[in-house]
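In what follows, chain A forms one complex with chain B and a second complex with chain C.
This part shows the complex of A and B:
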């Protein structure tokens, strides 16, 4: 927008000698003068959106200028996702307007949004598992030959160019996406959005499955995009990331915006308070050690294919044992091995007894519970109620003869709803209608209803908001105090450092080393994973 | 965990049906060596053609994750209609065939629109249209009969160049057309929608249109099947289509198409249909009562499915321990 007809100055652009110019990350405004109805480059105004029974967005606003990296913060269920869906044309707002460069934007659907330069990296991946890498990257925007066939040579060329342009390790363009591990798929998801060359780019939990190295790669790219004058909307639950990257933060609570401030004016505690609408004391619970002598799980020379090699590991009662290392170094397989999901060689002893963990059922009987990352797919039956989900794995415990004892059932369900403070109208609420964080709590409740002694927690906080995370950490601590053994994996190293008593670091399917109590720190985990000693 | 659900799927899903086809072909050669000739191939292709047309249409709907029961009704309707109203003149043959195709298209569009706009399950909607079309077929032609023109029947069984019948040529054309279509935008979109319609929509694909196309195509193919049957059988029947729904699904599944969508294709289906027909033939030749052939087709179906899933399970295990 230019100053003559517009009402604000665009962020100042420094001219360099060669005339290319660059823009500082923090917009520098010189002589900003705002009139009554002055406008930012991008504005969403008075957006309201209701779903049956819920007002997801209530008169919400969102503004951003070109070159800004805006953090969109809020608890799960605060309306962030709905706002993004309205912007991307997935939902139609009941009322409200959207302006870009002063002109109203009319968005009639996902295609129309993409055409108008809005693209998004989705939290729920939008890749089609049955199509190949190249087919996925340019899905919806294929070049076709005159014959009507998609030009595959062109597609391969463009795919390789895209990898090259953003400095990504080349993935065979003709592998099916279903054959790729999660971090690679998330990279593709990001590349796909970047290839659209949009003006407004949304990153919805885009870093949640990335390793630290990949995450810093992404941040560099985001900064470059902002330098080019794009508007970036960045959603993440990792405050440290937001601090490091964003120039401005907008906080949502209960369907509307409650704060819009420059990053340098916001501190972490204040943001958390804004998000929750109340004070939250200390993000992580005070660390304590409840480790006892009794060994619950003992693995001796356990191997599985080339993914797990010679694992020797002891998990004691009351211990919170973290599993660290770069993403995809066999952590997943370790968890799968302990839940009977992969075949293994070697010896596993549970509570001092030699056992063969041949399937999940045996494992549950041995008192092992797995809490997986992907709640929609593995953990929950979305069409059933909270009650049905919670007792599903624990039916043995509530049977009275051949019937289900309603009283016992109620006891368990109430206990779990209380322990995890699941927010729902009643136990009969359908799991699919809950917000993401609450769904994850139901998964936890469901696993713990079997009263396990050994808890395998695999990245359970992925995509979960701060309030819920805090509750989860408290519950973990409480279970450790009760003498349960907990194996804890997280892609967020900060969590490992703050939650675990000890951490085993994995590298290429092997345990590279172990970091104990006082030595636990990000640096030491990295050190061990590259083969050095913790100091 | 997400990695539990992804499998490497690089094997061509049509493989099982092609292998079965070759196996049965060899068996037929051994058992009926005196019968093997170009004429015989022509005859068999003609016999299988109605099913092939119906099944290819069904496959397209299965690919987008739907199901179309109405093909049975459409086949009955178009078969009865063309048997009654087709006169012995070029213009009548063409206009009646065209009218039948339009009927199929209309039913397909109706299915596609009602299923998506009113969010009714495909099973229910196409089940109703099956009955509706079947009912109209009874009104048009209460009893088996009708006298379709001989010239039409002859035209459909002409030998091109005196050797290959129209049906054989059509099979090749259909195969080629599918291999071509599969790599067009619409083709890839169909796989994408079938694999996950939500993800497809996030990519800006017009899911409504893609699904509508699949149902419309299924209707048109069913109509073609009905008209083709008129030529081959030279009569109409208001119940002509009844058995085709089951068989079309069977052919698709043997051909490697998943009922959950996103995987498979028409080439496998064509081979699947041929396999179904051949097994019936072999049983007849072996002197087994025709009552047995349905039973054997059922066994074949489960076998074909098991072959593909077992090989997948074995592969997963190998990968795990490799």
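This part shows the complex of A and C:
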């Protein structure tokens, strides 16, 4: 029994990150004697789930004990998400059993899962943009007066209590969620799940949109929850995070579990090998500088509302220019300004020519491509085929007179499928049925089909597995070598450090400074963002 | 092959429904399947089908056009009234009418795409304005007979094939090309599925939306004139049925009312289905009220199916 050895007597240790101790909210049974070879507290056994054409889960197992933080690792499409969806009642397994505290769990639908103490924070956000913060947090569980009216005072009180309990900077409970930046929304998503007081809490890529500070806040909370005796299932593609947080790791590959080991026994290389089923060489490609003299984008005193102030920036051909800084400091607006999505003042020169970037169409014609962060909302039409998506922005290139040339279309689609090694049955496969990593590749293919010279990559590796990330980094490098200019933003600082030639650091809508070549490091990016010099 | 069947499943189902309905009633009423009656049915379906061209476009964008009823009415009444029943006046009357109804569509489209009016309110309002305008201009008594050429288009045939059907076939072919082989079709489906992605792909969402409503005005204009020819005259309220029928034809044809997918060939099947249902109800000698009710229920049922399909997506 994994994890049961050596902890037959399982005392609950209370600790917090600062070591001052922790008071549990719920009474816990101290010192439960476990029988040798007894079941783990939570077990999923022989779970099989098929979809038309694919066996997503094939006789898969998952075990965890109370107080454990279990990392669930695997490539996109390995069956992690399906397993979680089976657990949360979104999918019904074809066969298999689930046990909690030795009793079988019967889960019929999502409500029944929540009732039985299973709650999840998803990568795809489930908040309703037009409702307020408070309404979203307690959606479906409003306290209502006898008349059926929602008590808004009560709602506000509970919202503030929730912020306080988990040490979150207070957000006005009555702002609409649509007005909040992505990291804040992700935090609300987490709080929403926490407010349900579940026994098994799943974090599916929950940190992918968080800043470093928020991520460490979340880790503290997760540790506290584990100390309370909850079972945490943590899914992330950031190995360093998993290393720092989890107590054991279960690896999935092709729909089944291939490893279940304590964290101390696992090293990063081994985990990657287990996930891929093969060795993977250096994760980031060797850094090289292809920067040329030609300036592709030149921004002079560009401002936009309160979000972007007085930006001066040059992007040269062959350069991979990173955009760093804490989350929400105007990086998104900078990218939007260069893709005609926000109104700006100041001068923008593209390839030495003064232009007004009034909408995405003019930008595409000028040779700019934006790869957006949210593939479901901005990147892809999920209900259409890979083919239709790939040529969507490049219709100019497939026209023959007034008609679409199927031959030209096929050439472009085939080329992009090959370049990004998109794995799909055929180009007619509906984009929404692909795994996350493959969808992101289609987004890349779609934007690069326009033959751009300037690539704006906004957090393109969010929620993408290591194998795909590696492929993406190689493609980025290849494009730099071809002389394209690349503006690269990522919430993962490690990526910025390892991919970019130079990094501009943003703070409160301004460029706080620039870090070049050898000086690039996490520390220097932070230094510059708080107004110091890189050393 | 299997994939093709899967891909066109909704289309095949739409046609199957029409064929089954037709076969069933033919057994019960032998005259139903006579060549002459089939010709009548096709002519009926043709006019619904032409109105439904624009409706298909609009519904693919995720909108709806409720103003087709009085756009059809205006075209029908103007082609009889302004020409005084004389063929030589058609030279200017036909282009004038088509430009006019297209312009009404442009106004719809402009308010919806650029001023963010909800499609239902905008087009319903437009319908009322047109109705009022027409009553005011004609002082409630439009009258007049259709010019001979218009009548010929609406009633005549060449080597046994009614002109109405020929016109419909030509239009259907053009529309199918536009939807699946031309740039506009691609843009239309992208806009209907996800306007944000379409905008990020450099598609002008507003222009595409406006164009769909303009097409709806144009096809309603064509249909109105053909209708006047078929009936031989015009009267107030001549187009009233087409509001509901055009939407129903689109929905039964498998185009999701949520927008984003659809096929005009499906709408063609929808137009036939509606015509056959109406003919069956008439053949059963049911009272007018019951006919209307049954017809309404069928439409609502098909909308229900369409919405459910959208949810599953």
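A few remarks follow.
The rule we apply is simple: the second predicted complex is superposed on the first by the 498 of 535 C-alpha atoms of A that agree within 3 Å, B and C clash if a C-alpha of one lies under 4 Å from a C-alpha of the other, contacts with A are read in each partner's own complex, and residues count from 1 in each chain.
In the analysis below, a residue touches a chain if its C-beta (ideal position, glycine included) is under 8 Å from a C-beta of that chain, and two chains touch if they have at least 3 such contacts.
Keep in mind that this is a model prediction, so the values were computed, not measured.
When both complexes are superposed on chain A, chain B and chain C end up clashing with one another. When the shared chain is aligned, no partner comes close enough to touch A:224: not chain B, not chain C.
Taking chain A as the reference chain, the count of touched residues is higher for B when chain B and chain C are set side by side. Look at A:95: by the touch rule set out above, it reaches neither chain B nor chain C. By the touch criterion defined above, A:428 lies against chain C but remains apart from chain B after alignment on the C-alpha atoms of chain A.
When the shared chain is aligned, chain C comes close enough to touch A:384, but chain B does not.
Of the two partner chains placed around the shared chain by superposition, chain C is the only one that A:402 touches, whereas chain B remains out of contact.
Residue contacts after overlaying the shared chain place A:372 against chain B and chain C alike. In the superposition on chain A, A:301 makes contact with neither chain B nor chain C. Look at A:478: by the touch rule set out above, it reaches neither chain B nor chain C.
Only one of the stretches 117-125, 153-161, 171-179 or 225-233 belonging to chain C overlaps chain B in the superposed arrangement, and that stretch is 117-125.
Put simply, chain A uses residues 372, 377-378 to touch chain B in one complex and chain C in the other.
Taken together, the chain C residues at the contact with chain A in this complex read 3, 7, 177, 181-183, 186-187, 189-190, 193-194, 196-204, 260-261, 313.
Residue ranges of chain A in contact with chain B, taken from their complex: 88, 90, 109-111, 113-115, 120, 122, 124-131, 135, 139-142, 144, 148-150, 152, 176, 178-182, 304-307, 332, 335-336, 341-343, 372-374, 377-378, 458. Contact residues on chain B toward chain A in their complex (touch as defined above): 1-10, 180, 183-185, 188, 191-192, 194-196, 198-206, 262-263, 317, 319-322.
Residues of chain A that touch chain C in their complex: 339, 359-361, 363-365, 370, 372, 377-384, 388, 391-393, 395, 399, 402-404, 428, 446, 450.
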